[in-house]
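Note that chain A is present in both complexes that follow, paired respectively with chain B and with chain C.
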Partner chain A sequence: MATPVLDKVEAEAAASDHLITVTFRIRRFNPEVSADAVWEDFQLEIDPKERVLDGLHKIKWDIDGTLTFRRSCAHGICGSDAMRINGKNRLACKTLIKDINPAKPITVEPIKGLTVLKDLVVDMDPFFQAYRDVMPFLITKDTNEPTRERLQSAEDRERFDDTTKCILCAACTSSCPVFWNDGQYFGPAAIVNAHRFIFDSRDEAGEQRLEILNDRDGVWRCRTTFNCTDACPRGIEVTKAIQEVKRALITRRF
Partner chain B sequence: MKIHKYDTVIVGAGGAGMRAAIESTKRSRTAVLTKLYPTRSHTGAAQGGMAAALANVEEDNWEWHTFDTVKGGDYLVDQDAAEILAKEAIDAVLDLEKMGLPFNRTPNGTIDQRRFGGHSRNHGEAPVRRSCYAADRTGHMILQTLYQNCVKEGVEFFNEFYVLDQLITEVDGVSKSSGVVAYELATGEIHIFQAKAVIYASGGTGKFFKVTSNAHTLTGDGQAAVYRRGLPLEDMEFFQFHPTGIWRMGILLTEGARGEGGILRNKDGERFMEKYAPVMKDLASRDVVSRSIYTEIREGRGCGPEGDHVYLDLTHLPPEQLDAKLPDITEFARTYLGIEPYTDPIPIQPTAHYAMGGIPTNVEGEVLSDNTTVVPGLYAAGEVACVSVHGANRLGTNSLLDINVFGRRAGIAAAEYAHTVDYVELPENPAEFVVSQIEQLRTSTGNERVATLRKELQETMDANVMVFRTEQTIKTAVEKIAELRERYKNVSIQDKGRRFNTDLLEAIELGNLLDLAEVMAVSALARKESRGGHYREDYPNRDDVNFMRHTMAYREVGDDGTESIRLDYKPVVQTRYQPMERKY
Partner chain C sequence: MSTTETPAAGVGPVEGAPLFDVDNPAPLIEAPRKRTKKTPRSTRGNFEMAAWLFMRLSGVVLVVLVLGHLLIQLVLDGGVSKIGFAFVAGRWASPFWQVWDLLMLWLAMLHGANGLRTIINDYAERANTRLWLKGLLYTATVFTILLGSLVIFTFDPNIR
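Take a look at the complex of A and B:
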């Protein structure tokens, strides 16, 4: 067990209960108060190893209780707190202050392409509707359900592993320029979730899903800008998954 | 105010709520009310697996699983319920697979299984591979699969609807559930849901601790709603502290890490669990491991400059194994600690994780108003409930199992009940309590802040009613909670608006946490023994003569309006296993 490195980490941790001063520059919007969105600056003392979410909490809890955002698990699993931080889509709970240059103001805005309801809260319904439209559930044509589990080889299981990681946070979809310009596009997250079933050896509705994505608002709208792949907090190769769906549409093999 | 009518209303859209919804939607007109979008629930944070004696990789059977569950719960488990849990586990896993859950697979294509704490072959001989898993994101996969199947079944969700009150109507001397009152976060509007059957599946209450694996939103809303209406809470003193939370942050690192061969070490590099649990070692039950860690820390063998944690060592495991089996938790270590688990051990400490206690139910999920009487039309399942399958300490992988087995049972029972009855009339002025609660908070000019009181509550809970407790520490907590409850009356909020008022929401959640913290501390004070997750240094032994019984806590309001807690007790159901000394 290699303790020396760790002792260093811990010594740093203990010594660096040092706080730094950072500015959060937050896009505020509350239609109960004003029809216009404005930027508002907050200065706070924070440990650079803390999360952006911790900073938002400090503001809400100690400075301004009206600041509104969604969050729950605080460690990148529930998908509640996708937002634009310094111009990039990230989860506030997975972004540490020290990793985003705290010397300059940290800008925080709602994700783009979805209607802003208040501060950092957007209307997620269109996002979930696109998800529902791709039939995101296993479809089989078995007349007799097996009594035990269906068999699936480890290789077949691995084939769609990457796209099972999706937490529906919308970081990918709301980073996509095509989605910004045209809310009709299904968006990367819906395609990722279609991919998860199209490439599952147990599923028998791949053709149906491909036809849905063959629609004029489907996969062909993708311009492979890779914003989605960069934005995904789960490290899913989103653009690759979309390309695999496109290829399956051409070859009808999956 | 809007009034809705549904056969069945489900409160909460985590694993238990959605499993119930899949059943009840097929059988009755169902609404699911959830304060978060369904896929945001904390079921998604569960990592290691779901126990079932499939015997896919080695000999196993449900009777061994039943025994392990009873022993793991330090014999406070109701054994009839544990038997149902273990028997129905097999179909529960197979049902999920048929719904599409992508379990990891064995070389011959069946569901793979791995070791987990407290699960053993033949009544404690050696660890057994019983946990069915999908890498270290089994809860995520269960949550996604259940949501996918809710979409398939057309389950009707009311997202970001926060249930604030349980409605009870007395009919011919019998108190029946008549519905719930909910607050719509987007608009601030109040909604009455009249329902023939209500199922609570609103999860745990871990946020009254500071170092916890629980989400910010786990504030015991369901428990508090029914408790305020005079219904009891069972075994609230039993809370699980998971051994391996990330140091200071509390983020969960799955027991599956030890199931895969991970080892706990103190500052001398010693594998200390060998001293405390010679057979199961690092895979002893969670209460045992958490106490062992704190014993090491207290005796000066903790790590770091302050000696306040120990290490979870995965460095001897091949990187390929970590990547394949534990990708998420190794990433947590990298993201939050800047540590590479291939080469460096991970600093950990026990983290408040799971409420064994909750709303008492029978095995059909029906809520009890005393030791035996069912409240017609009221159901509960999952962490909010106490069946009791977990007794004094839950085994790892039994909670993902619990939500599936008892979520399904409650969904079926509630929907079938709804078919046999008419709507119960709503009480007069059903929204009265909620309207006054909200108006009071919105208009209060008091000088207390929610965040301050919550922080003080969390600090006193961590200091006084965590892994080790004494009469003195618990009394300190009881007094502090009483002070905080008094100060809570002067809480004011800054956001006075109606739209997405999360400031208001947090104030209400704090009220729930304070109520439940008091129940926990008072129940713990009265239990003068050590059992499972409840360890009293002043009473270090289990006392089956006086305390082989469930605690039932009731809220009582005197004629002058003063509130108090009355404790009563309920016998434990014992069938095949006699209590024995618990060794791992």
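Take a look at the complex of A and C:
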């Protein structure tokens, strides 16, 4: 029988057995200190089954409290912590460290195409302005008074089911090369949320939304590079949704 | 770093001296071209859709026209060595090849010009740069199309 002391040592060894050393390479920017952004490395002992967000928490809580990033629910629903991890837009709270090769430094940057305010925080106003511009709410022409439930068949609901999953994290829009070069483009997220209402049988302003997206900065700027589909943490087929809006524009016009 | 004491949890020392304070606030950072409520909405009807459709349709036709053209000009009957004034004159004696070349000229020029217009829209950020680049593009396109059409229609095989 082992002594209690040995037990404790073994237990401690076992407790830290699964930890690995990971380097987080984070793009830091503080406009009050320097006009330039710099890379900063942080070494962590962390369980590879933890998420990137846990690593960022460890850094903020134990190493450098000035690290600034957004997160709210931390479970992939609120859409606050979209960032560019190892060159790809992902949610930090849904990315496991073991899945992104922890042997090499893990790079974490703010999402591209939006103005960086500090560290990993970007100005989301242009993103949400494009979202507002597509009128993302139910519009009915004659029966504005909600006197009774608006019924819908299961098939009609299924038509736009994919695009209801959007959490507005901006991972798609900030992965779009057209949006990087010209912020006037609506961006995939706004089009996805327009799609959600255009193909909703209860909504009556589909034509109006299609007209908005027929604009110079609308769906026709999409170059089908599929970056948005790759980036979406909810698995929405974003490019397909944009193509369906294009098809609706063509078939409803001719 | 000047501070040696351990900072309280969550409050690390700020690196470097702050350049700005309350009396001297940091400048607001504007996004280069951001979408705001005031963004002028251009209403060009269905032009963008027509341009998009034209790219797809002309592309399909051009695959046949250009590959056929390359095959005839460069591969069949001894390749490039056969091309001369006589060869061109012989081909353009037939209205079929006149139409083929005219169609290829117009479709390829408009297809290419529209592609470049898209690239200018994507990459030229300042309104003035866009204006000049597009002006240059449209001038070159119109000139090439008109000159090409003129040659095809007024070609004289007996020219001295």
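As a working rule, the second predicted complex is superposed on the first by the 230 of 254 C-alpha atoms of A that agree within 3 Å, B and C clash if a C-alpha of one lies under 4 Å from a C-alpha of the other, contacts with A are read in each partner's own complex, and residues count from 1 in each chain.
Here is the rule we go by: a residue touches a chain if its C-beta (ideal position, glycine included) is under 8 Å from a C-beta of that chain, and two chains touch if they have at least 3 such contacts.
Being a predicted model, the structure only gives us computed values, none of them experimental.
Colleague: Under the stated touch criterion, which partner chain does A:E149 make contact with: chain B (first), chain C (second), both, or neither?
Modeller: After superposition on chain A, A:E149 lies in contact with chain B alone.
Colleague: If you stack the two complexes on chain A, which partner ends up touching A:W220: first (chain B), second (chain C), both, or neither?
Modeller: Once the two structures are laid over each other on A, A:W220 reaches chain C alone.
Colleague: Of the two partner chains, chain B (first) and chain C (second), which one does A:A103 touch, if any: first, second, both, or neither?
Modeller: It touches nothing on chain B or chain C.
Colleague: Does chain B (first) or chain C (second) touch A:P31, or do both, or does neither?
Modeller: Touch partners of A:P31: chain B and chain C.
Colleague: On the A-aligned overlay, A:D182 touches which partner chain: chain B = first, chain C = second, or both, or neither?
Modeller: Only chain C is touched by A:D182; chain B is not.
Colleague: Would you sort A:G79 into first (chain B), second (chain C), both or neither based on which partner it touches?
Modeller: Once the two structures are laid over each other on A, A:G79 reaches chain B alone.
Colleague: Please write out, lowest number first, the residues of chain A touched by both chain B and chain C across the two complexes.
Modeller: 30-33, 60-62, 64-66, 117
Colleague: Please give the residue numbers of chain C that touch chain A in the complex, ascending.
Modeller: So the residues of chain C touching chain A come out as 7, 9-12, 14-20, 26-27, 29-37, 39, 41-44, 46-49, 51-53, 118, 121-123, 125.
Colleague: Once bound in the complex, which stretches of chain B touch chain A?
Modeller: Residue list for chain B touching chain A: 36-37, 39-42, 44-45, 93-94, 97-100, 102-111, 134-135, 137, 140-141, 144, 148-149, 151-152, 186, 215-217, 249, 251, 265, 269, 303-306, 311, 313, 315, 328, 332, 335-339, 343-345, 347, 449-451, 493-495, 497-503.
Colleague: Along chain A, where are the residues that touch chain C in the complex?
Modeller: Of all residues in chain A, those touching chain C are 30-34, 60-66, 114-117, 123, 125-126, 129-130, 133, 178, 181-184, 214-218, 220-221, 246, 249-250, 253.
Colleague: Touching chain B in the complex: which residues of chain A?
Modeller: Residues in contact with chain B: 1-3, 5-6, 9-11, 13-14, 30-33, 60-62, 64-66, 68-80, 94, 96, 117-119, 121, 124, 128, 131-132, 136-138, 145-146, 148-154, 157, 160-161, 164-168, 197, 200, 202-203.
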